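Read from first to last, the chains carry the letters A, B, C and D; within each, the first residue is number 1.
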Amino acid sequence: MTRTKPKVAFFDFACCEGCQLQVANMGELLLDVLGLIEVVEFREVMSEKGPEKIDVAVVEGSITDKHAIERIKKIRDRAKVLIAYGSCATIGGVNGMKNNFKLDDIRKEVYGDRFNYFDTVETKAVHQVVKVDYFVNGCPVYIPEFVKVLKAALQGIPYEVPDHAVCVECKLNENVCMYDRGVACMGPVTRAGCNSWCINNGNICYGCRGMVSNPNENGAMDIIKKYNIPMDMVINKMNMYNKCREIDKREQKKR
Amino acid sequence: MKKLLLKDSKYEIKKSKIIKVTTLTDLEKFFEIELPGGDSLDHDPGQFVEVSILGVGEAPISVSSSPTKLGSFEMVVRKVGRFTSALHQLKEGDEIGIRGPFGKGFPVRILEGNDLVFVAAGLGIVPLRSLINFVIDNRRDFGKVSILLGCRTPQNMLFGDEVAEWTKRLDVNFSCTVDRADPDWKGNVGMITSLIPGVTLEPERTFAVIVGPPVMYKFVIAELLKKQIPERQILVSLERNMKCGLGKCGHCQINGLYCCQDGPVFSYDKIKGVPEAL
Amino acid sequence: MLYNLSQYVVLKKEDFNGFISDLVKEQKVVAPVAKGCGQFSFEEVKSGSEISIDYIPTILPPKKYFMPRDENIATYDLSNGEDMEPVVEYEKMLLFGVHTCDLAGIQCLNMVFSERPRDLNYLIRKNQITIIGYECNFYCDRFASCRLVHNHSPNGGYDLFFTDVGDRFMIHVNTNTGEELVAKSNLLRKAGEKDFEDLQRVREAKNREFAKNEIPIEHEKIPELFDRAYNSKVWEDLDKRCVACGNCTNVCPSCYCFNMIDEPNLDLKTGRRYRQWDSCQNESFAKVAGGESFRKERGARQRHRYYRKFKYPIAKFSRFFCTGCGRCSRTCMACINLKETLNSLIKEQGMENPEAGKV
Amino acid sequence: MSKRNVSVNVEYLTRVEGHGNIVVDVKEGKLETCQLQIVESPRFFEGMIKGRSIFEAQHITCRICGICSCGHTLASIQAAEDAIGFKPSKQTTELRKFLLHMENLDSHILHIYLLVAPDLLGVKSFVPLIDTHNKVVRRALRMKKAANDVCDILVGRHVHPISSIVGGFTKLPKEKDLDAMLQILYDMRADMTATVELAATLKFPQFERDMEFVGLVSDDAEYPMLMGDIGSTDGKRINKKDYKKATNEFVVPHSSAKHAKWNRESYMVGALARVNLNAGKLHPKAKELAAALGVKPKVINPYLNTVAQLIECVHSLEDGIRILEEFKKNGVNQDEVVLVGLNEQDRIKVKPGIGVGAVEVPRGILFHNYEVDEKGIIIKANCIIPTSQNVNNIEHDMRKLVPEILDKTDEEITLALEMLVRAYDPCISCSAHFLDVKFVGR
């Protein structure tokens, strides 16, 4: 079966571009990937501009201003399949922290009395603006998972982000649990799929992959209380990546 | 780490061919499958197979054709996720892998000589069809046969042609109901349970066979019990998440029972005290 | 107790490192290693000094060697259609220092996978693993409950079995494989009467120690307890507390549920089919197409876990599948404690017997 | 000089990190506008980390930029430790230096091979090179991966490193890790030699402008990357605490990044600045290469920044190997592992204070500056990114360059300008993140 290679384009919105860099970090594996697809647009490493219609759009970054809203809508129209790529795109990521503040306050904080000059809107994840077909979570993305999603997209079948806790992978890696060291970890409420990357390296999980669909928030709070960890600190941590979840909740309520 | 090719693995698949694909509704497609060398599947009605698309995965799918059909078997698949979407992309001539048949099917030998009431709702007709056609092909071995069919709308009805045949037969009592009717619909409207009071039957020699979505079992069984059918003569086929088909992976467990080994067909008396079953 | 003199040999403690070094020369040896914070794991060792012989149950039980977390069961190549080759991957190794609870765990898995239809992948791999057991003379910690399920003393399942009797180990030789290991070593000597007396003394002390188990119910009454407790309030309490992280099942030596997954290589033509540990605590475990989940509530999932330890396997295998290792309680962040759960159920059902388990 | 009109308008400059436009307007031979516009939409990091614990600063601010996230991490940690008065151990400092080397290597390789080389080989991106120069592309990816793999072993990953935090490292390399990292780096030497050979054949545009270079300087014999004072080729030297005296940021209306100047109208930071300031302290092998390539400070052709990067690649590789070999000899003290979440543990004492971090990252000197209260909560933050310092200099370069090349076609002029900007390896996404701006002339 010979097929024409699907046309893939990369786009970036407000983000650190680290997830795109992860692609370059694949090393020679990248060439295998490039054997499967035709990259038609990738501003960070390419000068070429892609055609009007593309098969797959890989979108990085969150939507933070009006211009971005227009741009993402155009990209959606151009693309058969849209992959939200990296925490900023899938759950709002660190950009969501902006939503912790009143918009005008934070603009004033940064721009002083000229705050009206810079346009900014509530930070949103991509799926909160346009339809998303595949999610690759993580800050930055975990390459093995990206490859998995890419393969699923090329096979034309759905990919489901694991809906169980990071703890599952963490246990399988036989890490000493952070709670046993008296430190709060977001693992119990965060979606697995990163192979408990941070805990393997001695850090806690910060929740960059977003929350499991049905987290037992009360149970989690109980745990935290038991370990004598100040609540505001934990809420602070939860809000580091997951602030935009409130938008999903709000939308659900509307429906 | 050493690697050994494993003869006799229970995970071995039979490389089979799709010889016919028909689109039934928006979501359901019909597939006719030929095993290597035209072997017959040798299944009991109500059993299922594990269907493989390498690179995508496996799913348990009921055999929809009667064992009396030789040379190939049939199945109907609803598109709900990863595997089923991939299967829907396949065409006639494409290959798939088959493992099985698995599970306990309907106890055909026990049913012989008795009256039968079939109750099928929605996709339930798919596995039940294997038994209905078996019974029709061996009609004289059975007593009275009634078929009660329920579907959401007339358009949702699967196997319309075959159903039309059944309605014409004199040796089968057939009734049908839809949840929502369109102007052309002449039949019943309402829940499938509403058909049961109208069936005349001799409870002690009647076996009732029910297949449908999980929510309907309780209600249908209650109606049948009202008709005095003994618990062990009420048969159901249950669907659970299933990965291996070999009674190991744990997904299909219903309390202490394994749907893939102990079922999917159970008699009501066996599962009555099993809280997770219905 | 009946001891067969000829089945025992003795290793002096000062020769322990030498004994391990000899083993390492022959094959891969895995043994308990300290991970810090009072936790341990089975890892490959190169010398006896790496081993933490006094350890409490490791984070993951030895099942990780018997049914690896990711286990290839077939490779495929689509160049000529749906062609796959079932495979089994195995490694010869020696497992050193397995406590009796974990020996019981391995026995549970053996039963499950040799029940028909038999699982050849497991059975082939299992036969490549030599097991040296190690006796606990003290209760590991407050989480352990091996006494309750009668797994505190050895019940087979090993090739050699070590008991610390002071300045030396008494070693029970249980199989031909064990015999061969003994024959190869020149550090072992035949056991004498004095050694037996010491073993006896250690065992008696242990029995007294282990009788302090605080779960007030007779071993035989446990199935009845679970017959009665299906609709207990205790499960509602667990529902509120459990966060469904899946830790309890992943660390359990007798949990063996898995998923089957296909992974294509980047050419999308070749790839593998493998099975991977799954957990009945995970949200999607019992979900079927259409979104219905047959164990939607976390409490129901916890109940399922308990019933899979204390009730369902009794009917099938006449054996508790809880080995009493205490791992699930040790690891649970919500502090769901198996012994506490049992205690609450016992109390609720009025089945307390303070005399139970006393010697 | 021709009296022609030229209008260059490059919207969304490609092969740089982030969004920037080049706008040049020449009317009848006279340069009217010459701007590098930074149009990246601001992400308000400075506002976002206010009110957060100083121990979280690094985790968040390294997400300003994925390309030099190790650099941001280290600058942030340095500023944080400075603010709360914590002194890192010698082992920690050495490992941080090593990490910086790896990032330098990684970033320079990416820039040289994937971003600059296409220009010099006359193609639009590295993708066509896969067919025409397959070996070269493979080598580039391999080298990049190698630097990455080392970061993976050391700190979990290169993009947003995991185990490097305030106080030290949450995990330390074991014997086998040291061996693995060393092996990777030894193996990289062959590729590095090939890279050097390739680079010797590349031709860079001729263009010179006498300018000021700024970077870290120190009195010891080490090529300063992690520690030192702020120095200039114009002879000035100040303590990092006074960084604002060096950067003198001002705002121009056309750019969301601030501009900087010190002793002249503008200055340059980055590999070329470092080589110009500290060439004598390079690793002998890097010195050798510099001599072979005829690089003699002070080099005033900004296009040669790429060459300086190459020299630094050799330096970072060799000095990195040296650091690891020392660890191999003396061992790593595993007791120095720090537990994350120190704030929750109160294991490191905090006190109110102001701290500055000044670290040489691939694109030049990076400043982080925090003020914390007695609970270690951030009350003020400021970052000055290398690219914001360079933007002004780039514009001055363009102003000199455009008149010199007016006889060329529009495409050639555009390309020359794009290449100029790219030579600086600008990281535009970072430069627009910190703006506490007073707008002049708007």
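Assume a contact is a pair of C-beta atoms (placed from the backbone, for glycine too) under 8 Å apart; a residue touches a chain by one contact, two chains touch by 3 or more.
The chain lineup, named per UniProt: A = Cytochrome B; B = Oxidoreductase; C = Ni/Fe hydrogenase subunit beta; D = Hydrogenase/sulfur reductase subunit alpha.
Here the structure is a predicted model, which means the values were calculated and not measured.
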Give the chain pair, either A-D or B-C, that is connected by more C-beta contacts. A-D
Whole-angstrom distance, CA centroid of subunit B to CA centroid of subunit D, is 65
At what distance in angstrom does the C-alpha mean of subunit C lie from that of subunit B? 39
Report, in whole Å, the distance between the mean C-alpha point of subunit A and the mean C-alpha point of subunit D. 26
Whole-angstrom distance, CA centroid of subunit C to CA centroid of subunit D, is 52
Specify, in ascending order, the residues of subunit D that touch 2 or more different other chains. none
Multi-chain contacts in subunit C: which residues touch at least two other chains? 264, 268
Numbers and ranges of subunit A residues touching at least 2 other chains: 155, 160, 181
Taking the touch definition from the header, please name the shape of the chain graph: line, ring, star, complete or other. other
Residues on subunit D engaged by subunit A in the complex (per definition of touch): 12, 14-18, 41-44, 46-48, 50, 52-53, 56, 59-60, 63-67, 69, 110, 114-115, 118, 124-127, 130, 137-138, 141-142, 144-145, 148, 155-160, 162-163, 165, 169-171, 256, 337, 339-341, 343-345, 429-430, 435-439, 442
Sort out for me which residues of subunit C touch subunit B in the complex. 72-74, 76, 78, 81-92, 112-113, 115, 117-121, 124, 230, 256-262, 264, 268, 271, 273, 275, 278, 280, 285-290, 292, 294-295, 304, 307-308, 311-312, 315-316
List of subunit C residues in touch with subunit A within their complex: 35-37, 39, 41, 58-60, 69, 240-247, 250-251, 263-264, 266-268, 277, 279, 281-284, 298, 331, 333-335
Quick one: which bits of subunit B touch subunit C in the complex? Just the residue numbers, please. 1-6, 8-13, 15-16, 52-58, 78, 80-81, 84, 95-97, 213-214, 239-241, 243-244, 246-251, 253-256, 275-276
List of subunit A residues in touch with subunit D within their complex: 14-22, 24-28, 30-31, 34, 39, 42-48, 64-65, 67-68, 93-95, 97-98, 100-101, 106-107, 109-112, 114, 117-120, 139-140, 178, 181-184, 197-198, 200-204, 206, 229-230, 233, 236, 240
